[in-house]
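In the two complexes below, chain A is the common chain; its partner is chain B in one and chain C in the other.
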Partner chain A sequence: MNILVCIKRIPATGGKVSLTADEQEIDTRHLGFTVSPHEECAVEEAVRLIEANGGSSAVLTLGAEVSTEQLRDAMAMGIDRAILLETDGREWDAGSTAAAIVEAVRADGMNFDLLLFGNEAADTGDYQVGIRVAHALGLPCVTGIKSLEIKGGGAVAKREASGGWDIFEIPLPAVVTVKEGINLPRYPSFQGRLKAKKKDIARAKPQWNGNQMEKARLKIPKEQEHQVEILGNGPGAAPKAVEVFQKLGLFQK
Partner chain B sequence: MIIALIEHDRGKLNESSLEMLTLGRGLGLPLHAVLIGEAARPLADRAAAFGAATVHVVQHERLAEYAPEAWAQCVVELIESLKPEAVLASGTDRGNEVMAHVAAQTRLPMAANCIEIKLGNPCVVTRARWGGSLLEEARLNGSTHLLTVAPLAVEAVESPARSPTINTVTPTLDDKVFRVRVSGRVEAGAGKISLAEARVVVGGGRGVGSAEGFKPLEELAELMGGAVGCSRAVTSLGWRPHAEQVGQTGTRIAPDLYIACGVSGATQHLIGARGSKHILAINTDADAPIVAAADYAIIGDLHEVIPALCAEVKKAMA
Partner chain C sequence: MSSLPNQANVVIIGAGIVGNSMAYHLARLGWKDIVLLDKGPLPNPGGSTGHASNFIFLVDHSKEMAKFTLDSVAQYKEMGVFTQSGGIEVARTKERVDELKRRVASGKSWGIDGLHILTPAEVKNLVPFINEKIILSGFYTEGIGTVDSLRAGTIMRERAQAMGALTVFPKIEITGVDVENGRVRGVRTTQGNIKAETVIVCCGIWSPRIAKMAGASIPLTPAVHQMVSVGPIPLLAEKPGEINYPIVRDVDFNSYERQHGSDMEVGSYDHRPILMDPDDIPPIEKAALSPTEMPFTQDDFDPSMERALELMPFLGEYGVRYAINGLLSLTPDGFPILGETPEVKGLWSVSAIWIKEAPGIARAVAEWMTAGNPEIDPSGSDIARFYDHQKTWTHIRARTAEGFNKTYGIVHPREQWASNRNVRLSPYYEREKALGAVFFEAMGWERPQWYESNAKLVAEYGERVMHRRNEWDSRWWSPIINAEHLAMRERVGMVDLSAFAIFDVTGPGALAYMQKMCVAQMDVPVGRVVYTPLLNDHGGIKADLTVMRLAANQFRVVTGAFDGMRDKKWFTDHLPADGSAALADLTSAWSTIGVWGPKARDLVQSATEADMSNAAFPFGTCQWVDFGPIRALASRISYVGELGWEIYVPFEQAGRLWDTLWEAGRQFGVLPVGIGVYGTTARLEKSYRAYGNELEQEFNLVEAGMLRAVKPQDFIGKAAYLKQRSEPPAAVLCSLTVDDNTSSSGIKRAMMGREPILSLDGKPLEDKHGRCSYVTSAGSAPSLGKTVLMSYLPPDYAKLGTKLKVEYFGDHFPVTVAAVGPTPLFDPENKRMKG
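What follows is the complex of A and B.
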């Protein structure tokens, strides 16, 4: 089977972020870069499916030249080849991103059985690129998947729903967007990294036709002022903590 | 007018829809609610109580189970006949999914997880990015604005009750839109306290040090009738299952008390713990972000503090 995984380069934030002066981006001067955990799992899922079923896998991203770092990370995990849809680094909205991916899938000529995406990009959280691609290609789409099994000509996909699971049986080819937890991604091996470094990356420069949703500015949400009460140091603070539990009514059944 | 898609599962309302209606009725246009499937008809009064003047019940024999493309097709038909200024849904798994299908089909822009909406052309929204740790002000162009409302962005408040006008519609749905539908279910396991609903969550981070290190956390959670949670560092190390991860790409918790042990308090983790009424941080580092975010803190080694806590809790409960 043939699988395409779509990923996106994002800053590896963790602490408080600051914005650039024009309020258009996160200030990344002191940050590394990564992909969303959902997408890391999509890459891992593709590698496992190809290991189990045979075939070939490709990874694609739309972004600036520097995004080749994330494509190589994916190849280091075991993806066979990579496609960069190179931009000047500006943010493409979900509609234009999806259109560029659709064009690239058509141009690639390979018949993909499965197109994997993360459920939502960690930075923009648009929740729609995979679905837009599916519509344009006329494919079925399941989202938020945490378990995927290939069976005959189709797939059985599960997603969490109010503590249990919803089960979907879908025909292939299909678009599947996954969530972190579907698997535990491997760490790329040293050899994997070396191999990935030497691989060619296929490139295309899609035409940007403007965004239907325009970003005016980013804002850091105001935090509510509050005070932390230090209950003490070490195990000696335990009685005081239990007093707090009692005050909060936690022991009432 | 605005149409608001009410989310339900076989007739059981998803309460986020009430928040969405509360926000929607303040936008200055008549609010029409949409209920998909006959099982949802009894929800019309709830929708009205939260601001819907008209309720459209979509009737079709194949709509008993959730099917995202079919739901979207129903909404698209309503857009065509009612020409609304905006369509609202809640920013839940299903809400975002259906709206994205509507967007794909109509080629309209969609803004997910809005917390503020100013209708007009362009429509200006403030929406959650990075799971809500960053906001974006965005402008949407298009004939109908497709917007989902971030859960917990507004509090659901009833409006003076009135009886809604009910309009039953029957869509034309071809086979294709049922390619993807819920074809089976596994119901939630009974007995076990779910992380999302636990009153107390005892969470562990990298500071716990090992999979075995979670034993005392499990004991504390059990004593307090709570659930165990963890950080992404912990799931990545394989110490705990991902189902226990709190955060942007894990579960969002809303307990009365979250006891965060050996967790540094990265933004993506804190986003998932934001619904906690109180946070107690246990950390060796008084400058860790989790301490600043907490209401109470114990500075110290969790391997000493948690057993002491367990002993004190047992005493208090005896």
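What follows is the complex of A and C.
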């Protein structure tokens, strides 16, 4: 089978997020870059599905040249090839991003059985790109998936519901957006890194047709004050700590 | 938590390994009312300590750094935080195989045991997962290990607290440092101000920022060191404990592999230098991990990853769980920055320090602050060593960038910096360039080491120039040096000495002050030149220099470029409070030409109408002499053992004087002579001591053989000096000659200094203070046709004719004690100089 995973380069924020002076971007002066945790799981899921079922995986992103860093990270985890939809670095909204991906999927010539997305990007949080791509390509789509299995020509996808699971049996090809928790992503290995470094990245320059949504400005939500409570010192603090762990449900019953 | 006091005896800024070590050692030495602040939380406030790889290799070519490290290991062991794992530096190149032998020798010089050169198979035995096929040898040190530096910091902090000497305040940021009349008065913080007469900056990469608040300089830069952690690896997880295999340094590629539980840490200094501006370090709350764990830049690390896989192929399949661009401190000369800042009294720097040396350094600095006499001499790391140009960002960036990739490099003892040269040029620079000078740098000065225009002399003297056929021995060297030496001893040479640091001490209290500072009698007639050591309170040798008495109330102090700024601080610190004596730095006002050789008098006399005869101008005196229109100060002394003068001339007239002397010298065969002769060959033949080589705070004047009548006046260190004189010395400085320079491969070798001196059965010689004998200076003695070494020997060996050995690149060469004490090997009665 053939799987495509779509990812997006975002700042790896630490504690406090701060904005550029014009309030248009996150200040990334001290930050590294990554992809959202959902997307990291999508990459892992693609690698596992190919390992289990055979076939080939590809990773795609839309962004500036620097986004090749995230494509190589994905290949270091085991994705076979990468596609960069190169932009000048400006923000593309969900609609224009989806349109560019659709065009790239059509142009790729590979018949993907599965298109994997993260449930939402960690920076813009639009929750839309996967659904828009599915709609444009006329494919079935399930979102928020935390378990995925290939079975008899189709897939079984599970979504957490209150008190249980929604279980979907879907035909392939299909679009699935996954959520953190579907797996525990592996760390890339030295060998994986070095292999990924040597691979070519396919490139295309999608046509910029403008956004439908314009970003006015970013705003930082009011910080939540966290209160630190010191439980005690030394062995005497142990019973209190146990109490807290119990409350958090960290012990198996 | 108690609230911030508004007053303290000492404020220590920074609670990394250095600040905690300082707090403990000050408390141990009886200091009270110490406040330790950090802007981060405890026990890991987010500085370089928090991400350190925490391993300790023992051997360093620098004695000072090796001693700090050995002391630190002893302290870590006492705290129970040291795990001995052993460590191996592996050689992938032939050049490195030799370098590892040189490292063994340095280890022996500093008294380190358990050093072994291993075959690849023996390395494999200790490190079963290594690819022994790509290595040529290994240098194994048994005593290498790892420490828990955060735990050590906590232990030391808690000990100081238990002594009732320390209060600790995390999460408080310094916003200012108050200075009044050049003295620190306290610090301002986000939570209030603290008055304090002593403030210690232990802030690592942030130290320059804090110093700047006080108007001082701590010239270091934050720089990236990349590190990743690979795992979990079942083989490493098999045995319990943090580390079960020796740490491996892949020195040819500036990287290391160090087990950490089930993971392998791979660190690198092989990537491009990535320097940061201290102001660009993120604040704690904005950093993704910590302020010193910057985002990893994969591309920079890829080559190191490939090298690591070559050496340990099994690493390939495991995940990279942690990867950082860790920040650490780099300095322009690679040494730490210790001591009271020259700009602000009471403001101390304890900065640019690695885990391996921190507790040892803290002990030394605490001793320095308490009694002025650290057991381990920190002169090489003294913050006062820097000249102003070395505090500029241009210099810091240039030299740290150049030095970074030499972290595990094979650095030749004479190796010259390539970056930021041509900063301090003597008035003769263009003339010297025209004469083919090969310039070596001395604290920014460009000094001719030898002159290519003298190349023809090499053939003239034939084998007497003591050719060096080994590439290493001849690197940064030329046989021309020895040819210049021989020619100077036959004719007359001109030496550019403009790099001297020169201070004038003036005022009605000048004599009393100079008496206090100097061991030698300073109440001499005007026009006398005095060579004198300076001591610290405990009789350690602080400096050696010459002083000219120019008037009843005027003394001119002349000292070496490498010691100039340190000596200046020592003098300045002791100036009388009543202002009766003042010091002016005239280094950039007076340039110096040395004219020496049997024809020196002929040369000088032909350029002046003054009477330069021995009767009119005896040895050890100075006079103002007119050379045509130039009035210069001539001083009849010599560091090369020849008749002649140091001639001091105002900078703007110096070029004309050079030309005058050069012209006058033509008929006497004058030649330009470089520092290779002045600093090494001629000096060694005369057994003259050099500060930093033979003279340092760890040895005393009795040991150095520099005894003269004790003057009745008091001086700093006198009581200790008198005591030293009443006891037999633990070691005696001797000159040795090499009996046979032939190596095991049949090539004649030339030692360079710092090699261990061994007994005939190959054992290190140790004196009663535990100091091993090593070569303090080495060089050719062309007039003797021998290689000369100087070394402190235990009294039993310090006897004329004693046969010993010196270890050089793994070979043992026979040597003989040729002089005990200061007797020169060449012209022992000094007839040439005094004639």
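Throughout what follows, the second predicted complex is superposed on the first by the 222 of 253 C-alpha atoms of A that agree within 3 Å, B and C clash if a C-alpha of one lies under 4 Å from a C-alpha of the other, contacts with A are read in each partner's own complex, and residues count from 1 in each chain.
One rule holds in what follows: contacts are C-beta pairs under 8 Å (C-beta built on N, C-alpha and C of every residue); 3 or more make two chains touch, one makes a residue touch a chain.
A quick note: this is a predicted structure, and the numbers were derived from the prediction, not measured.
In the superposed model, A:Gly15 makes contact with both chain B and chain C.
Contacts of A:Ala52 after superposition on the shared chain: neither chain B nor chain C is touched. Contacts of A:Gln246 after superposition on the shared chain: chain B is touched, whereas chain C is not. In the superposed model, A:Arg186 lies in contact with chain C only, and not with chain B. More residues of chain A are touched by B (comparison of chain B with chain C). By the touch criterion defined above, A:Leu31 lies against chain C but remains apart from chain B after alignment on the C-alpha atoms of chain A. Of the two partner chains placed by the overlay, only chain B lies in contact with A:Gly232; chain C stays clear of it.
Touch criterion met: A:Lys219 reaches chain B, while chain C stays clear of it. Overlap of the chain B and chain C interfaces on chain A: residues 13-16. Residue ranges on chain A touching chain C, taken from their complex, read 12-16, 18, 29-33, 69, 72, 186-191, 193-194, 197. Note for the complex: chain B touches chain A at residues 9, 66, 68-69, 93, 96-97, 99-101, 103-105, 107-113, 122, 124, 126-142, 148, 179-189, 194, 196, 199-200, 224, 232, 235-236, 238, 241-243, 245, 248-250, 256-257, 266-268, 277-278, 280-281, 286, 289, 291-301, 304-305, 307-309, 311-313, 315-317. The touching residues of chain A, when paired with chain B in their complex, are 13-17, 26, 36-38, 93-95, 98, 120, 122-128, 131-132, 134-136, 140-144, 158-159, 161-171, 179-181, 184, 212-221, 226, 228-239, 241-242, 244-246, 248-251.
Contact residues of chain C toward chain A in the complex are 230, 280, 282, 284-289, 294-296, 298, 302, 305-306, 308-309, 315-321.
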